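Questions regarding the structure given below will be posed in turn.
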Amino acid sequence: MNGLNPTGESGFFEIAGVGSAMQRLIAELYPICRSITGNGVRKTLEILRRSIPLEVHEVPSGTKVYDWIVPREWNIRDAYVKNTKGERVIDFKKSNLHVVGYSVPIRRRMGLQELREHLFSLPDHPDWIPYRTSYYKENWGFCLNHRQIEALENDEYEVCIDSSLTEGHLTYGEYLLPGKTADEILISCHICHPSLCNDNLSGISLALHLAMLIARLPVRRYAYRFLFIPGTIGSITWLARNEGQVGRIRHGLVVTCVGDGGRFTYKKSRRGNAEIDRTVQHVLKHSGHPYVVEDFFPYGYDERQYCSPGLDLPVGCLMRSPHGSFPEYHTSADDMEFVRPEHLEVSLHVYRQVIEVLEGNGVHHNLNPKCEPQLGRRGLYDAIGGDSNRKLNQMALLWVLNLSDGAHSLLEIGEVANLSFREIKHAADALTRSGLLLEHGAITAAFPDD
Amino acid sequence: MNGLNPTGESGFFEIAGVGSAMQRLIAELYPICRSITGNGVRKTLEILRRSIPLEVHEVPSGTKVYDWIVPREWNIRDAYVKNTKGERVIDFKKSNLHVVGYSVPIRRRMGLQELREHLFSLPDHPDWIPYRTSYYKENWGFCLNHRQIEALENDEYEVCIDSSLTEGHLTYGEYLLPGKTADEILISCHICHPSLCNDNLSGISLALHLAMLIARLPVRRYAYRFLFIPGTIGSITWLARNEGQVGRIRHGLVVTCVGDGGRFTYKKSRRGNAEIDRTVQHVLKHSGHPYVVEDFFPYGYDERQYCSPGLDLPVGCLMRSPHGSFPEYHTSADDMEFVRPEHLEVSLHVYRQVIEVLEGNGVHHNLNPKCEPQLGRRGLYDAIGGDSNRKLNQMALLWVLNLSDGAHSLLEIGEVANLSFREIKHAADALTRSGLLLEHGAITAAFPDD
Amino acid sequence: MNGLNPTGESGFFEIAGVGSAMQRLIAELYPICRSITGNGVRKTLEILRRSIPLEVHEVPSGTKVYDWIVPREWNIRDAYVKNTKGERVIDFKKSNLHVVGYSVPIRRRMGLQELREHLFSLPDHPDWIPYRTSYYKENWGFCLNHRQIEALENDEYEVCIDSSLTEGHLTYGEYLLPGKTADEILISCHICHPSLCNDNLSGISLALHLAMLIARLPVRRYAYRFLFIPGTIGSITWLARNEGQVGRIRHGLVVTCVGDGGRFTYKKSRRGNAEIDRTVQHVLKHSGHPYVVEDFFPYGYDERQYCSPGLDLPVGCLMRSPHGSFPEYHTSADDMEFVRPEHLEVSLHVYRQVIEVLEGNGVHHNLNPKCEPQLGRRGLYDAIGGDSNRKLNQMALLWVLNLSDGAHSLLEIGEVANLSFREIKHAADALTRSGLLLEHGAITAAFPDD
């Protein structure tokens, strides 16, 4: 993990590091046909279990979860449309995007006109296959690129979707890393999309690698809960089954779309000024990467559920290009070329820095609060002169002393001082070692290879 | 009232509608010589009583009203200045602006030099007659256009002002429309100016037509109090006589200068963030019309009195070109050409939309506050895809659900969501019909022709 | 003092006024070799005592003051470096900046190489001598201009610093002007720099002249405490000895760098929105002089100590070019040419206006709070028309009436009205004389020559 250089100096991201491993996992998961239920989800979780011992939960169809009901389980073995020559003009085996998710089984001959009502394409992107689903209304359909549709001749077609929609289970994975306190940090990603890389797989891969990294921390202030769940119905199911414990979630992030080359986008929690909101903004500001911050809105990923008014958890969504903002979104073009190891790696860095701030963001008391202490005799001050780097540290020392009145966290001090959390944290640690500062009930954690 | 299209689509304002009626009323009131007391006010109120059954109040001269005393009543029959040839070189019968308001009676011969000390004109606008008054200092004078002054020859003049300043009454009109609650909305306009159209008559005409419109509402959450009063002394008199009831005024607007073609100007109440302030700003923002918003300042119309520190009522002033900002202000050029039916009509629309928001601006509770409810099975969500208009409504639904936590009014939700009150209100109504939302103690009103 | 025209009209500052006296004092103090202790400080205070009866305090070396210990006293009689020809190539008698402050005594021969390790210059400003000290680490050294260093030949040098570092005292001056209340305004300046004019002497001169001015006030709402102290250790010493009384300090300013021609810089107190912060900003805004306002940061002058978290006094720093922002700072170029009488005089004006606002900034009650009072019958309102200057006053009257609800100070009213404190104060005085306004417990002071 020596490659994990959080300051993002140039020259770093050319090195093959964790980004390659993140991309390899995506490659392995890519062919699997996932949906909100079914064997694709089980297979995906099985692969993740090779790296982290996550617990797999099975919730029966028909279970009431708040206003919703866990749907029937959907599985699919094969699907195609054959012309009279017996050629598969649409073939599920070539791309699992070809079938509308949750399509009911069908095996019937029909003319082009009837078939057309069940075909979806993107005229503006004639080479891409769209991704469509119909979870809660029984239907069937095929998605294909627009050139394919235009090439379809007036023929009689054999239409086959060899799927099943039966009483079964909704499956999700959960991994809890205990901490010194019962307070939790939630990391949630969705696992319900078939062959889509940025939306879905990049989030899964980042969450897994972050979990592996955090598992190696010798001390954790917080417990960490990783959820690998189908979107919407998965978070609703988890929340309904764990309502009594959600109060432990002190900070949370929904991970998705973290493999493309776009600027970072942070969508704030509904609270808008939670510690997670300030932390992510601080990390992005000092990351050197371009980014935007958006206020919460009740659309998007599972933050919609975590931030519903009756729960109002401090959960934001940290991504790169947000849902719906890139043309490849929900099409076959969101593929292995669209996500890159170097982007995944930078995204993991940013997540890691967020964790570092949350773990280290204590409130301190200046033990010598009346006038400044004499830093010089403690070796914390230059005798004559001093270069500008040293001076910066000196300002960090003075800011920490001035604002450690029990009312400002280190992150808040950094924001006022316009210094990075790292600089402030180093100053606070030096002052603590000198006996000038006392942390207020915090247990510090350090990444082992720092 | 089908013409009252509140979205202001093009093509609408060419149609002769309520604007013509508003303009006709102005035309009828225009020749009357009004002042802060006297028969001009009585005649004006009599004309208004043909449309609404307003109550006329007579307050005797000498009555103490707070720090003020109701002045003597002023009436005028004729006034002129004749030259030695017997020609009326200034003639009150041609324009009631020619006489300084509250001029004491005079009948005397004098030379040009003495006369000149009592003549007022506007050298920068040599064709316009200025409007002047001297309510609280006994004086007399004539106003005329500057060319007239320059044409006056060195002659002996017969000066006559056939006025009377005697113990009498201050007259004002009041119209109360009851509502489901005792809470009131105040609409106040001044009726003390002679032949001035935008300043004075446009406000009177708008208030009257708004009253007629509101009278037709089958249900009113609020009671509506319309005041037709002389400026300053009138509002002071009304407040002094009704101090015990002013606590009922929940929202209020002073109406004036609503017939010109300038952009809208909203001057906030002294409170600055009252519901009326947020409502008017919201309506103007979504109206498509240009507008400016000004903070309260202690000058202008009767909002000065309503917003004095000991009363501090939530009363703003919604006008187009504000007092003193247009050269025609307080001159003979503020005439029947300066106000236009189409401008009056747009102004009435905006007022009406303000009323709609105030009537409908409830606070709701999401009855399913933990996670989102399943909109699809209630027919509130598209199954596959959806056009952008539908999507907008969907966002309104999601915003209303997310922020209906008992702490946000619909107006506030609209402001956060950047959606119009109408869109939010429609979504709230749909959710209420679906049993997902419950209004918190509000009684809704609907305009009958919506 | 008739020359003290606070509105800063042109033509004024050409007149030799208080600025000349301020500059003369600087000239007299300039040659004295001051440090944080020693006879230079005593001599300086002695000169100040010719104008104001300040009390001189002597605190013994070794006294514990919070985290610090009062250092040994440093005095110096002579210092030089002689070449083998017996010429003084560096001579303390020519400039007291030549010796590093607190240099320990030395009398030794050495070669150029060894000497060089103790020489300091400014290569970027080869004609200027830098100012250096080593208070808390025993050391010695010489400062000289870079050309001098380069001209030094490879010779054997006689190095002599005839200084003493012995148990003695830290000396500071204090001057208290009593007021009607025990509440205090603190004016603090540092007196520890040798021949430096803007940094050090300009502040001393301004504080002295401000003290003389305030001493002449017939009535003072506040008591005034002037401190003439060595930087850092002096304020720490004063605070440690007077901790029980610091709660009386309601407002304070650190005075320094007020003689150069730069724009004004106000560095806010740690509180950020204290009355002193709002007052200085108001005065600067209406002064017509360019200025900047900075948030507090824990570096700079003695505001660092006053604003330490355990004290958090409302003390800002009002200067012109701030510490470190001008190249002459801490060099021989901060000399008698760098500070100018006209700049000192403008700075004194600004300080004086700050005092005027603090003294006059009462909270009032409108005794006629319901509707406006009738200003006309009290001679406070124009009968017909009125020029724009009168109108401005009228707005001030209306603003004072509208906001004198017991919750707004005159300064706050001025800020809302965007009128100067003077205009607001004049209006408040006129209304008070008319019996319409009552001040809430304030004792007003007036400068005698206003």
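A few notes on this one:
Should a chain be cited, it is by its letter among A, B and C, assigned in written order, with residues numbered from 1 in that chain.
In this text, contacts are C-beta pairs under 8 Å (C-beta built on N, C-alpha and C of every residue); 3 or more make two chains touch, one makes a residue touch a chain.
What you are looking at is a predicted structure, and each value in this text was computed from that prediction instead of being measured.
Relative orientation of chain B and chain C, expressed as the C-alpha superposition rotation angle, is 120° to the nearest 5.
Here chain A and chain C face each other with different sets of residues for the most part; under half of the interface numbers are shared between them. One finds 55 Å separating the Cα centroids of chain A and chain C.
Looking at chain C, one finds that none of its residues touch two or more other chains. Put simply, chain A touches chain C in their complex at residues 366, 368-374, 376-377, 383-384, 395, 398-399, 401-405, 417.
The touching residues of chain C, when paired with chain A in their complex, are 66-68, 132, 134, 136-137, 139, 232, 235-236, 239-240, 243, 270, 297-299, 304-305, 307-312.
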